[in-house]
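Shown below is the structure under consideration.
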Amino acid sequence: MSQTYDYQQILNTIEESLRPYCNRGDIADYIPELAKIDSDQFAMSLCFNDGREYSVGDFRTPFSIQSISKVFVLTIAMQLVGEELWGRVDREPSGNAFNSLVQLETEMGIPRNPFINAGALISTDVIIQETNNAYDEILDLVRRISLNQNIKFNEKVANSEYSEGDRNAALAYFMKSFGNINSTVDELLRVYFAHCSIEMNTLDLARSFLFLANGGIVPYTGDVIIPAGSAKRINSIMMTCGLYNNVGDFAYSVGLPAKSGVGGGIAAVLPGEFSLAVWSPGLNENGNSLRGIKGMEIFTSLTNQSIF
Amino acid sequence: MSQTYDYQQILNTIEESLRPYCNRGDIADYIPELAKIDSDQFAMSLCFNDGREYSVGDFRTPFSIQSISKVFVLTIAMQLVGEELWGRVDREPSGNAFNSLVQLETEMGIPRNPFINAGALISTDVIIQETNNAYDEILDLVRRISLNQNIKFNEKVANSEYSEGDRNAALAYFMKSFGNINSTVDELLRVYFAHCSIEMNTLDLARSFLFLANGGIVPYTGDVIIPAGSAKRINSIMMTCGLYNNVGDFAYSVGLPAKSGVGGGIAAVLPGEFSLAVWSPGLNENGNSLRGIKGMEIFTSLTNQSIF
Amino acid sequence: MSQTYDYQQILNTIEESLRPYCNRGDIADYIPELAKIDSDQFAMSLCFNDGREYSVGDFRTPFSIQSISKVFVLTIAMQLVGEELWGRVDREPSGNAFNSLVQLETEMGIPRNPFINAGALISTDVIIQETNNAYDEILDLVRRISLNQNIKFNEKVANSEYSEGDRNAALAYFMKSFGNINSTVDELLRVYFAHCSIEMNTLDLARSFLFLANGGIVPYTGDVIIPAGSAKRINSIMMTCGLYNNVGDFAYSVGLPAKSGVGGGIAAVLPGEFSLAVWSPGLNENGNSLRGIKGMEIFTSLTNQSIF
Amino acid sequence: MSQTYDYQQILNTIEESLRPYCNRGDIADYIPELAKIDSDQFAMSLCFNDGREYSVGDFRTPFSIQSISKVFVLTIAMQLVGEELWGRVDREPSGNAFNSLVQLETEMGIPRNPFINAGALISTDVIIQETNNAYDEILDLVRRISLNQNIKFNEKVANSEYSEGDRNAALAYFMKSFGNINSTVDELLRVYFAHCSIEMNTLDLARSFLFLANGGIVPYTGDVIIPAGSAKRINSIMMTCGLYNNVGDFAYSVGLPAKSGVGGGIAAVLPGEFSLAVWSPGLNENGNSLRGIKGMEIFTSLTNQSIF
């Protein structure tokens, strides 16, 4: 219904109108590799199920996807164990910080959803337990859906995060004490920080989310990633749990299922239509890309394309 | 895109397929007026922005809308004070029970969203403070959007709830101690339980939600209720906070912004398309209508019309 | 063992050494009647089981005993219902603020101990339910143990507190919603704020605590107030719960079972030996009398008389 | 004042009167080494500052002291860093379970007191950081105060606990993420489980607590362990935090500062007078020795010697 827009023009307009916000926001600085990123950068890519692609800005520059990888490991975990997964992780908003341990204590080691750290550790544990090589499994999936065989982990970032990973170790040991982690915590954290360290540009990222806008199938290749019901499931969890404590405001201001990462990326989909990826390193007080959210807001305002 | 379905046939199919669930679920029994409802009843009504209407089952039988009224008082509060409202109530999922006091303590008397009890008390307080007669204001709005001048409060139900209302009194006094309630608690609870006691049938209810599917305007009359942005806001809050601790599963299984009530009603919208209301008194363990959720699931499955 | 000290000299020394702290601490200012107190004042009284009495400073000036009254209503509640009381209130430290609602939610309306507000409301509720006139019952007990027939409520203070009592109303309604309050909340709060408003001087106060140092019997008159076991029980609760979040430090620095009030009073006992009351309106950050705690510290240091 | 009792007779009476409770209570069974203990056993030892010693039952049988070792590591930590310790651990009752992580999250990794697991990990961390060999340091102290050079760790128990120690690892990593642990978590847990595995009989244990009843000095040898003020501090923390969620009831029913362990031991002191150790493996629902608490109750009842 909305195919009449000049999308390239819209992306250009967005980039232009966000210039004044260049130096706003804080760069994630808990590890040196993220702290040294040039905060001026901005990129946005839009991919339609029908093959049209549009990009603007630094869309050829790879960045650290961080928590966006939680969508990929959830996808693989659902491939591997299907509905069984929901015995180990719930699907409701947490109402707490992404790295909180509090609810785990009263809820017997069952994380609220797969997009808080504890929940992504469960997905990661499933992959370690159910496959021969978790690293390969994750890279394979990401390469398949991004159509880019060069995607890889950034070992320096992963090692740096591992060395600062005490809180995630606490989460992992806590869940293990309830019997909800089967791998050793060391291996679990290694794989977890590896997938957080994956680097993609916005075009890679938009392409890699397109299967979620297309009923679980990569539209360019016909590659079936997950059943349509599983894609719908992931979209609904992104809608209610994808942006931590910004989920309510993002649902209003953007109105698309999405997942953000502390590297400054956000990936979203409009089911049946398109995927949209944005990147800008400056973060708001909730750890979401400041210009990224604004850019998506402008996009859904100009095109009137949200789910609400 | 979906106008080719025979919707009357679909509603009939849904009613038929839910027959086996007739005696399932628990009736709300905390007040006698609700406890004595015949649990066999089922009704569903569907209204399109373009004027088509379909109903099935006991759609002429009025029932107690209870928490669905939170949508109506939020609508009025937004009419009255606009964005100011968000200084007194947040818009994020709570992760806790609908009547929890815990977060209020750490969050200084600011409720997480307008659809938990504490949040609806804020909307109610706004109406009392900003109008001459809160009761009339609420009835007027509901009659306008339902196109039914006979909608009224059930005083017996309201009085019964008031006499059992200690927990809501605790919520109100607690927020008042933080300076976030301006009315007397007695008047606040009287108005609150009055709007909870409103009785509507599913056709009234579906009609009354149609302005949310139509950018804030009642399509049949052109009556402008709220700006399009406010309608979008309410839809996004329903999506992330409308079904308490079922919000994640409902987003997946139904995929429509919706609000439920303990009287067994659920009202939902597909923005740009239609509103859908269902009623069946038997509740699941989260206090949502058991056959109501199932009915909506079947509807969005058969018609493939959800936001995901 | 300690009878060789010159106690009058010790009290004089304490008063002298606290002069430099005269203007320290904050006066409770949540109601005007407390806010206008002259913060220079200081008094201390010491009564032995054997009849010796010593006082220093403004020991003839009555002040608002506030939370110290929780000891008196607990005493009466134990007289009235004995061990039954412990079905409605626990005897463990709360680890939370004196007016917190959080634990009540997870612990089904059962307060942690009788010295947080919620617990004292339970004692008050018992007195209302089990006697003909709760006000008289409370005054009678306090007059009996203080040997002062002129003790009375300060109605102006009580009314002022009542008008600011939203948080206590929240506590009361919350417990009522769990079935743990039988009186109307209005009557309950009226009686509660009445006993908080009782005015005594330090000599009255020290005398009124002496039965707790003497196995439940007022030593001067032989009046049996409660069984020895009940006196021991109250002392042990004062030790573990008497000074809110200062309980650990007070146990160390003073080492006596005690109860404090926001009016600046503290009353303590050394079982088998004496009672000690102190008053000075300036409060520390935990709401306990700053010079009061220091005075008691000096006393137990100089006399080497604590329970540890 | 109490020297006229026949203490041997009293201990005999206690043992006799507890016979009917032989099979009551549950043995700690989270590791095989503790699970296989014969639950019939009972022992009690009493040591006076003046050198008198009395024992009854299986007082020559060593048992696992478990959490009682928290008193020993706290003693060493206070020797090493003095008041500085209180910047890393608080001294207030927690109101939560001994292994809870919840308060650590809101209180920035500072444990409530040294007798919950998190607090004892802080003491242990201090010893590792401040000494050349934490194991030797701990054994040396325990041998000095128990006057028994044969006290040692039970490596099998320590290894078994280590292999089940995920929850304690979570606590350690969580505090480390707040910067409140300096050792590696692996070394920390090794030392922690080592001191928990120390085996003593009740006579060893009573002797080893006597310095706390004697102003920090072992009375038999004159060996100065800690200043009198530090001994008083430890006693006051035992009083308010020594028996987890039984602290209030134990303060009433026994009325002595004490520390319990899941191996069935309890050690207590009456400052200025004596130390008392009891052992019986059957535990109540709070993890404290069932016959141990009863035995101490009978002792303070018969001798009228408590602090209240």
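Note that the chains are named A, B, C and D in the order they appear, and that numbering of residues resets to 1 at the start of each chain.
Just so it is clear, a residue touches a chain if its C-beta (ideal position, glycine included) is under 8 Å from a C-beta of that chain, and two chains touch if they have at least 3 such contacts.
For clarity, every value in this text was computed on a predicted model and none was experimentally measured.
Asks: Could you grab the centroid distance between chain A and chain C? Build each centroid from C-alpha atoms only and quote it in angstrom.
Replies: 56
Asks: State, to the nearest whole Å, the distance from the C-alpha centre of chain A to the C-alpha centre of chain B.
Replies: Averaging C-alpha atoms per chain gives centres 32 Å apart.
Asks: Can you check how far apart chain B and chain C are, centre to centre, with Cα atoms defining each centre and the answer in Å?
Replies: Distance between chain centres, rounded to whole Å: 48 Å.
Asks: If a residue has to touch 2 or more other chains to count, which residues of chain C qualify?
Replies: none
Asks: Treating touching as the only link between chains, describe the layout with one word: line, ring, star, complete or other.
Replies: Contact pattern: a closed ring, each chain touching exactly two others.
Asks: Give the pairs of chains that touch; include all such pairs.
Replies: Touching chain pairs, listed by label, come out as A-B, A-D, B-C, C-D.
Asks: Which of the residues in chain D end up touching chain A in this complex?
Replies: 100-102, 104-105, 166-167, 169-174, 176-177, 185
Asks: Where on chain D is chain C touching in the complex?
Replies: Residues of chain D touching chain C: 1, 90-96, 103, 112-113, 232-233, 235-237, 239-241, 245, 247-249, 251-252, 255, 257, 271, 306-308.
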